[in-house]
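In the two assemblies presented below, chain A is common to both, partnered first by chain B and then by chain C.
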Partner chain A sequence: MNMTAWMKKGWSWLRTHMDPRLFMMLMAIVVGIFGGLAAVLLHHMIEMVAGLFSGYRQRAWSFLLPAMGAAAAVYFMEKIVREGGGHGVPEVIYAVSRHGGLIRLRSTFSRIFASSMTIGSGGSAGPEAPVVMSGAAIGSNIGRILGLNERQRVVLVGCGAASAIGSIFNAPVAGMVFTMEVLLGQWRSSHLLPITLAAVTGTQLSRRLHGNQIPFESAIFGIQMHDTLASAGLALITAVVAIGLIRGMRRMHGLSLFLASRCHLSPWTRAGIGGLFVGMIGIFFPVVLGEGYYAVREMIAGEFSSGIIFVLVILLAKMLATTFTLGWGGIGGIFAPSLVMGAMAGLLYHRILVFLFPAVGWVNEGCFALLGMAGLLAGVLQAPLTAIFLIFEITGGYEVVLPLMVVSAFSTILCRYGEPHSIYLKDLVARDELLRPGTDGRVLLDLRISEVMEKDCIPVQRNMLLRNFIHLLKNSRRNYFPVEDAATGRFVGMVHLDDVRPYLLDQMLYDTVLMEQLMHRNVMVVHPDDELGDILETMDRLGLFSMPVVADHRFMGMISKATLLDHYRKELRVQTSDE
Partner chain B sequence: MKRLRLQETAAGLDLPVHTLERWIRQGRIPVVLVDNFCVFREEALARWARQHHMPFRIREKDAASQGVFCSEGLGAALQRGAVMHLLDCKDREDLLWQMVRAVPFLPPAMEGLLLEKLLERESMVSTGVGRGIALPHPRVPLDNFPEKSCIITAFPHEPVAYGAMDGQPVFVLFLLLARDVKAHLHLLSRLSHCLQDERVYALLMEKPEKSALLEMLAAKEKALGEKQVNRP
Partner chain C sequence: MNPRFFHVYQDTPAGREALLQTVFFCRMLGAAPVVYIPETPRFLMYFENRVVQVDLDCDPSDLKKRARWQARASEILAGSGLDAHFLQIHHRTTPELPDVPVDFDYMSCPVPASARHFVYSDLGMRRLPAVAPFSVLIPALVARGWKSLAVFYGGDEKKEGVLAAGLAMARNTGLPLDVFTRGPVPVIRSASFKAHVRHVVAGNKGNDFWMDVPPEALMIVGASGKGWFRERFFSTFKKELRSSLPGTCVFVGPQAQESYMRIWERETDS
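Then we have the complex of A and B:
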């Protein structure tokens, strides 16, 4: 026996004999290593591209850099790897909810390259969503190559994403929570445990390679009760900014598509034009360029330039730059810009507070910058837990946790009034494609017609006599009888027992009535490839309880609500259980 | 570790094969598919089925025992029971008692119970269906008896007053003992179909021996069609 066959046998033994939970833990570690590596790679790529361009920053034409970066990134995505643009996160959620977490192999690296070009050249976007996509794609492809089932593959997708987030932020809990709250949308121990392990692995790996750095180290603030109370007011500002950002992105996207269709622009020229605007904003406010973490550090340290109006203008400029980058088709995430804008919103709120109540001893503005980050993140992602844990971890201070929770909770609620769905789910919900497990849509999507079809209906011929039909009735179990043409076998109509009942005991009619005379001709039929959701809608609309399935004019079986309920319950139980 | 065909596993879980296949692919069931064979740990799958309120029974050789009922026609049931020509009997109860004692493999302890059940059924509506024929049977089958349906035929020497619907005394009785209600109805329907035939009726009037009776009924049953015999 050669080596491959031997390994194949061993693998198959492992799959069937090893405890599946333990097996998933092992796989989680493997995926965690690769996810962590992807995040480290992206980190280095952005630094490298930024270093490449840094020599030209002082030139007069440097405002063209973001345009070049964005255009090159989209060109790379469109022409070289042939993938659609987008944040990455909605694509992962879609893959998880619709295709059992199946993601293309090229997604493991495509967005890393594209987003490093965008961000390194100065585009206002973040590296997180691309790295989530890469991590998820790594998990998905490891699962696919090893022949795992869909549920296991979804867990590995989550593992990849959690390890990537954990690695890039040095925040394992945030990675785990983000995955559960945003990507998978469900909390199950069978998911949680491997994902935890993957987040730990990814984070440990990045600490090993980068050192254990806390991205936004903060001093001790000394928060008092009035600060916690005031943070509720901050939530109002962050919610307004979050709604503004989400709507701004959508408007910008619509505008760019409109102009592109009018002027016949290719996607990469479109992204280039967006980048050009970003570059021009960057001439006046260089702080809006890139992921913007440097500015965040300044704000948290309380070293940011003073003035209420200045902060407001910078905030609007950053929002504009972000919408120009991402709304015009640039490749990158919304995570980092949200953090930057959140810090600015916090700063703005603090300066307003100090202006209105100068006598109160407020905590320093760095603390409010932190809270603003959490508030905006919670609003934009509709994920309060992710916001709380992320800020808490990337600042390394447990002290802010109380106002952090207040601002995240209020911001999420307030933002929901303006925008009921997060920026990631908006498009999916609009296309009616957000299908979380255990929901009606998901159950109906999974059930195929071939599974719920009743095949024990006895077909009758159109010229059959009533006498013969009654003889046949004795052996039938169903009330419906499809009528077929004897010569061609084509489906011509349906006979229901109710149609025959009045003549059942009338012996006179036995040899005079043909089935053709009893049948319904214009019967609503369904095709085996129809979606069950649509079929049920038709049944409800017409008040039907069952419909024949017909393909190529041949009768295949019946679909009935009663049988469907039976399968529906089984499916629901199986989908919602944690085994 | 158990290794079963996909179809057998699906049948054991009472699921369509497509559904089982999809659940395995989606990882919703603790079964691994290897070359169209389901590999699973039996107790794990049984626990899973319990948790999801699904039946789980592996029927590897059970198909044979399922076929028993299908092949069980009128002839087989008559063959198992006796055909009695009773010389003297006082009344209906005595007649039934003699028939009960002729039931094959009936434990003596159950004889009284069976007679009681038969009389209870007679007291509701008589099983004398008319034209001198009676079809005594218990209202519900006895527990664990019989394993295979049987029919005891009795021709009393003199017609016995039976309280039949048409008031005629009966000259022939068929005691029907079936495994379950379904089998009972099946036998009853077969028997009544045969009894409507005038040739069969004429034969019964002659109080035939077992072989003659069986021959006639077997021919009659065959005419009913093979297709129907194989349908439960």
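Then we have the complex of A and C:
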């Protein structure tokens, strides 16, 4: 027996003898390692690209760097890996909700390289969404290679994303919460344990390779009651900024697509133009370039010395730079810019408070910068728990947890008034592609027409006499009879038992009435490619209880509401069980 | 239900030739063509355990151009007496990335005009047959009708699926089948299958083996779905065949072979 055969045998033994939960935990560790490595690689890549460009930052033409980076990133995505743009999180959510977490192999690395070019050259974007995509793709492809089923693959997709987020932020809890809250949209203990383990593995690996660094060190603030109450007001500001950012991104994307189609611009030229605008903004406000974390550190430390108007202007400039980077097709995420803008919003709010109420002993402005970060993130992602745990973990301070909860919760609620869906879900919802497990659409998606179709209908020919039909009726349990053309076999109509009833008692008609005289010709039919959701909608609209399935003019079977409901219940049970 | 043949139409001379070959194939097997007019330069096909991206040479950039492509495809199909059914996309992974359904019986693989990409040039040709439950038609550069079928059988029990595919197609089309094998001569017990076998050619590698293949034969070849590295850097039967014979091929992957094997076993048992 050769090595491959031994390995196959060992694998098969492991699959059959190992407890499934324990097996998933083992797989979670494997995915966690690769997810963590992807995050570390991205981190190094960004540093490397930034280092490469740093020598040219003082040159007169340095404003062209973001354009070059964005164009190169999109060229890489379009021509080298042939994947297309976008930050990838909606793609992961789509894969989880519709295709059991199937993601292309190339996604495991593509966005790591592309986003490092965008961010390293000065584009206003973050590395988190691309690394989520990479981690999720790693999980998906490990699941595929190992031949896991759909449910297990989805868990591994979550494991990959959680480990990547945990690793890049050094925040395992935030990674786990983000995955459950944003990506999977459900909290199940069967998912929670492997995802937690993957997040821990990824983070631990990153700590080993990178050191255990807290991204934003916070001081002891000494928060009082009035600070906590005031944080509710900050939620209003962060909600407004979040709504502005979501809408700005969408409008800018629409504008860029419109101009690109009018001027026949290639995707990389489009991204390059966006990058050019970012470079020009960067001439006046260098703080908007790149991730912008160094500015956040200054704000948290209370060392950001600009005045109210200047903070407002750089907040708007950062928003504009982000919409130009991502809205024009640059590769990167919205996470980091949201944190930066949130910190700016917090700072702005603190300065307004101090200006309006100078006699009150307000907490240090760094605390409000932290709260602003949580508020904006909660609003943009519509994920308050992710925001709370992320800020809590990346600052290493438990002290701010109360106002953090207030601002995150209020910001999420207020943001929903303006934008009912998060930046990740907005597009999916608009395309009607978001299907969370256990929802009506998701249950129907897993049912196939061929599964629910009843095939025991007896077709009759259009020239069949009523006498023959009555004879056939004795052996049938159905009320519907498809009528076919004898010569071509084509479906021509339907006969319902009710149509025959008036003729049953008159034996004189038995040898004179033909089926084509009784049949309904304009019958609403279903095609095997139709979606069950649409079929049910048609049935409800027309008050039908069953419909014939016809393909290539041939009768295939019947679909009835009763059978559909039966299958629906079974599927719902499968989807909502925690096994 | 008639078998369904999925075709991606590209409005180029090569695309027209490919559609003509689809037409021949559909008429031969009584299949119903389902034509997709691409909206973007790539699309995804989600199979049970894998997602495959298909890259195209060109795509119509606007609605007017798409309508023109559709009209041309309809004209070609109508000229052959086939109904034109155009695929409507219901779902998209991203707005620029349509998901194409996979429940077809055959598909014509859009073969790029030239190998312009080191990694992804022949991915579609390799991956589609490897994971698809359907057989994949690889069109030749020039369309012409087929007068016989030629199946390449490895002589291995594991590869009987491709033989079963050839026999099933021969029976359904009524065309004579030549079996080419480099291993032992296969034993065909089912009388209904056996009647369609014209010649069994056992040979070795080399020019003579390829020269025995009739020029107007549709070639049926097994596709193992071996990895990219092996296909790219090592000699495979598929590569040898593609470089030696310019005709149209049908690649029958492992999953499609399984379904043909079920037919074969049913027939043999009966």
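The rule is simple: the second predicted complex is superposed on the first by the 579 of 579 C-alpha atoms of A that agree within 3 Å, B and C clash if a C-alpha of one lies under 4 Å from a C-alpha of the other, contacts with A are read in each partner's own complex, and residues count from 1 in each chain.
To be clear about the criterion, contacts are C-beta pairs under 8 Å (C-beta built on N, C-alpha and C of every residue); 3 or more make two chains touch, one makes a residue touch a chain.
Every value quoted in this text rests on a predicted model; they were computed, and no experiment measured them.
For the composite obtained by superposing both complexes on chain A, the positions of chain B and chain C are free of clash and fit together.
Applying the stated contact rule after C-alpha superposition, one finds that A:Ile334 touches neither chain B nor chain C.
With both structures placed on the common chain, the touch criterion links A:Ala345 to neither chain B nor chain C.
After overlaying the two complexes on the shared chain, residue contacts for A:Ala129 are found with neither chain B nor chain C.
In the overlay built on the shared chain, the residue A:Gly84 is in contact with chain C alone; chain B does not reach it. In the superposition on chain A, contact of A:Lys570 is made with chain B only, not with chain C. With both structures placed on the common chain, the touch criterion links A:Arg104 to chain C but leaves chain B unconnected.
In the superposition on chain A, contact of A:Val296 is made with neither chain B nor chain C. In the superposition on chain A, contact is made by A:Ala551 with chain C only, not with chain B. Overlay on chain A (Cα): least separation between chain B and chain C is 7 Å. The touching residues of chain A, when paired with chain B in their complex, are 12, 15-17, 20, 100, 148-153, 446-448, 450-452, 475, 567, 570, 573-575, 577, 579. Listing the residues of chain C that touch chain A in their complex gives 1-2, 32, 42, 44, 46, 49-51, 53, 55, 90-97, 101, 103, 117, 120. Residue ranges on chain A touching chain C, taken from their complex, read 82-84, 86, 90-91, 94-95, 98-99, 102-104, 106, 144, 147, 427, 431, 433, 528-529, 531, 551-552, 554, 556. Residue ranges on chain B touching chain A, taken from their complex, read 1, 15-16, 18-19, 22-30, 32, 34, 39, 48, 51-54, 227-228, 231.
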